[in-house]
Amino acid sequence: MIQEFLKKFRKKSPWLLHYNAGSCNGCDIEILACLAPKYDLERLGVRNTGNPKQSDIFLVTGPVTMRSRERLVELYTQMPEPKVVVACGSCTCTGGVFRGMYNAEDGIDRYIPVDVYIGGCAPHPEQIIDGIVKALEILETKTKEIEQPKKLMGKITENDGQTDKTKMAGSL
Amino acid sequence: MKTTKELVTLHEIRGAIEGFYDPQIWHFVCINGLFENDELEIQWCFAKIGVKDEWKVFYAKAPGDALLPSLADIMPTARMYEGELRDLLDANFENSVKGMFIELDGLEAPLRIKR
Amino acid sequence: MKKTIHIPIGSQHISLLEPVRFSFECENETIIKVEADVGYVHRGVELACTTKFKFKQVGYVVARVCGLCAIVHSTCYTLGIEELMGIEVPKRASYLRLIANELDRIHSHLLCLSHTAENAGYEALFMRIMKDRELVMEVQEAMTGNRIQFDYVSIGGVNKDMNSELEGVIRNKLGLLHQKVAEIKELFDNNWSLSLKYKNVGVITKEMAYRSSLLGPIARASGVNFDVRNDSDYLPYSELGFKSITMEGGDIHSRNMVRLFELFESIRLIETALDGMPEGEIAAKVRGTPEGESYMRVEAPRGECFYYLKASKGQYLDRVRIKTPTFGSVPGMIEALKGSNYADVPAIIASFDPCLSCTAR
Amino acid sequence: MQELLLILFLLPFFAAVGVLSVKRYAGIITFFTATFLMAASSLAYLSFESSFTLSLSYLSVPFLVTDLVLLGYFATIGYTSRNKKILFLSIVQAAFLFLLENFSSREGYDIVVDKLSLFMFLLINIVGSLILIYAVRYIKDETSDISKQAVFLAILTAFLGVMNLLVSVDNIEWLFLFFEMTTLASFWLIGFRDDAESQENARIALWMNQIGGVALLAAALVAKAELHTVYISEILTHGGETLILFTAFFAVAALIKGAQMPFSPWLLGAMAAPTPVSAILHSSTMVKIAPYFILKISPALAGTAVGGVIALIGAISFLVSAALALREENFKKILAYSTISLLGLMILTASLGTPLSVLACMLLILFHGVSKAMLFMCAGVLEKKYHIKSIESVEGLINKAPILTSLIILGFLSISLPPFGVFFAKWIVYEGGAGISGLIVTLLLFFIAVGSVALTLLYFKTVGRFVANDDTKSSKEDYSYLASPLILGMFLLGFSFFISPAIGGFFKENASFVVSSVVPISGDFWGITLPFGRLEFWHIVAAFLLLGVAPLLAAKIRLKGIDKVKPYSCGEKIETSAYSFYFDPAKNIEKVANTVSAALFLLIILLGALNL
Amino acid sequence: MSWLLTLLAPILGGFLYGIERKLTARMQSRKGPPILQPFFDLFKLADKRPMVVHSYHAFMGIIHFVAAWVALSVLFFGGDLLVAIFFHLLSTSLLIVAGYSVKSTYSRLGATRELIAIAALEPILILTAISFYLHTGSFEVSKILTAPTSIFTSVLGFLALLIALPGLLKKSPFDAAEAHQEIVGGVEIEFSGFFYDTVYAAKWLDMLFVFTLVFLFGGSSFVVGGALAVFAFFVVLLADNSTARVRYCDMVRLLYSLAFVLAGANIILGVVL
Amino acid sequence: MLKAAFNALKNLFSTPATIDYPFEKSPKNKEARGLILFEEPKCIWCLKCEDVCPPGAIRFTQDRESFDYTYHYNPYLCIYCSECVRACPDSAVALSQCNELSPPTDDKNMNDNWFKIEKEAEESKIAVKELKKIKKEESS
């Protein structure tokens, strides 16, 4: 009973987590534009929280570069269910123009299950809003079962040596 | 467009650029690298500030595994390009480490690949 | 043995739109050590441009190096190729390219300003600038068919022509924008809380700017008069009487001011270009294949964008080397962050207007 | 009653001799002495009917001899360590003593045990004895030399006797002797570890306290010269000319013992001593001489300029030491600063001299003593069991030692927030202070308001380090040390629950005695009523549940069936670390505060001489 | 009445928060979320899969909420103002303890900043309480509410509170403790689902608490009190929409040099006059 | 600062700039570069569009018996650069671009299917070539 009651509100208060997994940041700008006065996503209850633990919609852009893989999966697993993943932009859906490049991985659905794909190279803010509205419908049907990321396709080493490779820029 | 290209050897390069480079007059654009015929060509590109299209390019040729001098002490930004070329072209600059762009388990020296 | 606080920012962080990772060692909140990792967005564009795509396609691919100044990349690449192929671009096309480039600068600068405001905790100003930015986005959409990623430039010319109706729209909206930018400038100038956040924060001195080969608005805010639009004739800037803008402060405030004044300059450039728009073709015929080497520079919103092209008469190029503005300013950014307060970090980072997607390619 | 007092006065000394002669049973003897003392003091309080007085004039000469021996000893120390200050001050004191003998005096009661003494007995003997018991265990880990252990325990035990006598004597010459004996104890114990640093610190403590001795002698001199009496109660009831100068000197002695700025270095240096010493001497008992002295003279101080200046000195110390502590990372140093700070508050409240502020002062004396003793004992456990001295290293301790950590947290909460005694003291001061109009009181209120938050900042910053949970698996906690701190912790919790009847009964009674009028406060089980405000019982219960019970519960409860996740780290799989903040208030604030306070010290004497 | 107000406090607070979000949006010329949005958020969060960093942290969040409620109820039941302020302090310190207890830099930075904010704000609150006493003769809310309005005699005190309000409500320019762009919400960051609910709702209660304090300036005249509260509400919103976030050190400096001095002057005036 | 506050007040009492998008449609942009439309009857199967498309969003598979081409288009791969439209010979004009933007989809197999089509496009053409060669040899 209470469950049913609470379920109704999922749709009304979707909080966003945005992650750029290697996009050209065109899509990211359009997401910003969606939050801005003209499209004002907040009227749908959307808040850009920047915190996976308090988010419902995982809005990803970019084709997933080799270095973004772990971060993508890590953020995904830190989000509590029910959650939906929205792939925003052509390169996020399928790799777009980066399809087949050696350091890009042809779309985020290689790593995590995607619920909504938004096409367009730089999708129009209206397309993004449409995608989020569609995601909300899917959100309502989700359960609280833990959703696992897909099997990792690329090799991920335990310690990806983040420390030493960044030193070079840092020690400048 | 005035592009002056000057061939230097690996030993001369430091002296040549030290003598030439005045950051107030020349803008250090970047270090460029090519891999052709199993040989590395490294270009240090400069453009004059306030003058239309005047370029100065020092270039040196070296075997693929040569140790290349680092000029990061003269031009701090060179460090970035050296790191980048180390990753993409496997150009072995002094003091540069791998991993700036490409994961250690990723593709080695992609720019040496010929289509 | 007092210990430091280790603060990570990124790769995912609300104040960053793009994945980049900084890691700060702080005493209280004063930064004593900075490390940066800029390689998250590396996709391998340079290789793909010589192996996967033919030279005619590359223009669209390099545009996806970055969404913010996509047009700059395609312009720079196209100019390089045209030099290699010896194509004479019609004057009208040059003018149209200039307009597109300047529109792009306007939207990019506005975005940077709004982002700097948001990262300084001034949400209302962010909203306000984003609202006004929609004006230029609409112009871009009307002119090129897309809000971002114009795909407007093609080898030999441009893809879409301009008509009088469109011209009216542009003049109208830019006139409105001019007025709004003037208001915004006043806000940046006179707000007490913003001056606390911006003045004398993240300072880059003139010497530092020269030494670190800084470029674009950052260098100009430190008093270095370096602007590719001055130093090259890639587009008819000198015909339109372009004047570059410099400031002396070197802090966040000066950078914002440089950007704001450049907005006025860009609006003026576009209006003059519209006034003196030559008639004629918008594209030249393209024949043959490129050969040789070219060094080409274009002033992107963030500074100099450089392309080196090498070709030997094939459908595929031999080498495409992209040097992007942000890549060159990372060392300067690290210098500016050192010794500053962590509370200022997001604003400092935003004031550099970093674009990691082109940095890593 | 007499028998009980006899126990309180003499047992510690006999026990000390016993400990020294039968070193093997030192621990057991100390333990039993401690239990006896606790029982005796409680019984003494309960069986109190009227003031107990005793004249022991025949002891005057032996006491004088002891005085001289003591001063001779100090002088030798000064001579051998080439410390001119110590030497000089010893000579000055001796000179004053001789001067003192030149004046005749009337006969009277040398020992007067009144309500205030009994109140202090409770603190000294209960808290002190618990520390003694703790010390028995502690000293075994400190040194393996049995005779050194015995000496340590003997000094501590004897010290309790000295303290008991000190709060009972009415003869100021004798008071001087006991005052100097506490100084001696301090000197010995700070130097106990025998390294260069502790020796140096011990000497600093010595000469600073000697200045206090000089001031006390000066007070005696004034009294004897003008009023021909050495009995404090007589001096205070006398009124008239010399009284103010006497109180001025007396207060200076108190302020120095209470380590008020600029004399705070001696207490900070005292942290070189073994922890039980810090607990017993430098937080809970010995330094309480300061507010005790001021309380004694507070009726005379109320409304005088001297009283105002003393309060100001207290206020400056309260604020500045709390602020200075923010830059420290050494746990004991933090505690020391906070002690100085709260002593400042006690002196402030005592010297205001209004009924409510005196009550607040007594609340502070008791609860601060209990809380600080507990905290210091915990610091000792940290040092000995976990080898932790800095608050930077305590991360994850809450897993390894939940009880210990809870006690430490409780300790800090109990000196800042409701429903604990210190909070009530502050509340009463605010409400009481607001009731008195007067610019100086208003100024003091500002100091209190800012100083309290500085302390809160300090405490929560420190607590923050202790709750830091790094999710390490815990092993069984070692309880061997924890008996005494646990008892004190229980006491704190228990007492806070019954605080309102306690304030309405126990504290009101004692404070009324001190100010010799009825304190306008009433407290019963349903709340505390002040003239301008009221605290309901349910507030106390709520605070008790929220602060006393819930955090402990939280430390124990494990939510079942809920997934655990790692903290957010920007999507990276990196270890981050965040240590504490350190605020270095403007560099010269310490200097300025020291100078200002020193000037105020001189002002006290000056005003005293001018009789204002 | 007191019971009713106390029981309804979270609902009232939620409404207040909803209105505030709507007005903020409108001030930024956006349409903004519906007024009931805070409740939607609340229910949505309750429906998430629960997860915690560790139990202690989650539990402290809940206690923080309870403490905030208790602080509010002390006010509503006409209790002692100082006691209410101390309960407010208590509830915040519980959150701070929670913030420190997780091994997360942002959370700990947030906790520290929150502490510093308290250090700047608490004295002002206490001085405000004292000024209430000076002008009404009691610390008890029930008595203050029957005394004549004190706004005219303690304008300076009201101004001081007004300056401190953004800090209490974590609004620009004094929102360093929560700074989304810097520390992603600070102490709130590690809470999720139902446990975040408690922290989220505690914010509403805080808001109600603060505006009730403002209301007290009206004394027996509820109209004046209400008007003052509405005025303060708007001032805070306008400040939020026209300033950037200042550094925490600047915040402390500003609060001490402006609000504290004003509050102090108010009291000195009260004593002298 | 006061100006900003004043502006905020002004905004409060003027209509917001927001367009209530999914509930009320905004005017269509004529110029928008939207979905690529394909008119099969007009196509002369020159495959120029496939060749020129940067990401490969247009793919033709060939039937291994009838050798007929089938057109495949993936709007979630397309970057809307309209190169294909420009490449389509003037004699055919089988491709055009409309201003309808692609709608979101929740087809979980979209990407996987496209991988299959890509593979099939390559393999079928090679297979057809082989078949044709064999046929040629047979006929000659």
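Structural remarks
A, B, C, D, E and F are the chain letters, set down in written order, and residue numbers restart from 1 in every chain.
Everything that follows uses one rule, which is that contacts are C-beta pairs under 8 Å (C-beta built on N, C-alpha and C of every residue); 3 or more make two chains touch, one makes a residue touch a chain.
Treat the numbers as computed from the prediction; the structure is a model and nothing was measured.
Common partners of chain C and chain F, by the touch rule above, are A, E. When you average the Cα atoms of each chain and compare centres, the chain farthest from chain B turns out to be D. Each of C-D and C-E has its own count of C-beta contacts, and the greater count is at C-E.
Taking the mean Cα position of each chain as its centre, D sits at the greatest distance from chain F. Central chain assignment: E. Criterion: smallest distance from chain C-alpha mean to the mean of all protein C-alpha atoms. Once the centre of each chain is set as its mean CA position, chain B and chain E turn out to be 58 Å apart. Note: centroid distance chain A to chain D, computed from Cα atoms, is 59 Å. Centre to centre, using the average C-alpha position, chain B and chain F are separated by 40 Å.
If you average the Cα atoms of chain A and of chain C, the two centres end up 26 Å apart. Among the residues of chain D, those in touch with two or more other chains are 563, 565-566, 568-569, 571-572, 574, 576-578, 580-581.
Looking at chain F, residues 1, 3-4, 7-8, 16-18, 20, 32, 54, 79-81 sit in touch with two or more other chains. Chain contacts: chain A has residues 19, 37-38, 40, 43, 49-53, 66-67, 71, 75, 96-98, 102-103, 121, 124-125, 146, 162, 165-167, 169, 172 touching two or more partner chains. Per the contact rule defined earlier, chains pair up in contact as A-B, A-C, A-D, A-E, A-F, B-C, C-D, C-E, C-F, D-E, E-F.
Listed in rising order, the residues of chain C touching chain D in the complex are 1-13, 21, 23, 27-28. By the touch criterion given at the top, residues 563, 565-566, 568, 571-574 of chain D touch chain A in their complex. Those residues of chain E lying in contact with chain C across their complex are 27-30, 105-106, 108-109, 172-173, 175-176, 179-182, 184, 240-248, 250. Against chain A, in their complex, chain E makes its touches with residues 21, 25, 28-34, 37, 39-41, 43-51, 180, 184-185, 189-193, 196. Contact residues on chain C toward chain A in their complex (touch as defined above): 11-15, 17-19, 21, 23, 33-45, 47-48, 52, 60-61, 64-68, 70, 111, 115, 126-128, 130-131, 133-134, 137, 146-149, 330-331, 334-335, 355-357, 360.
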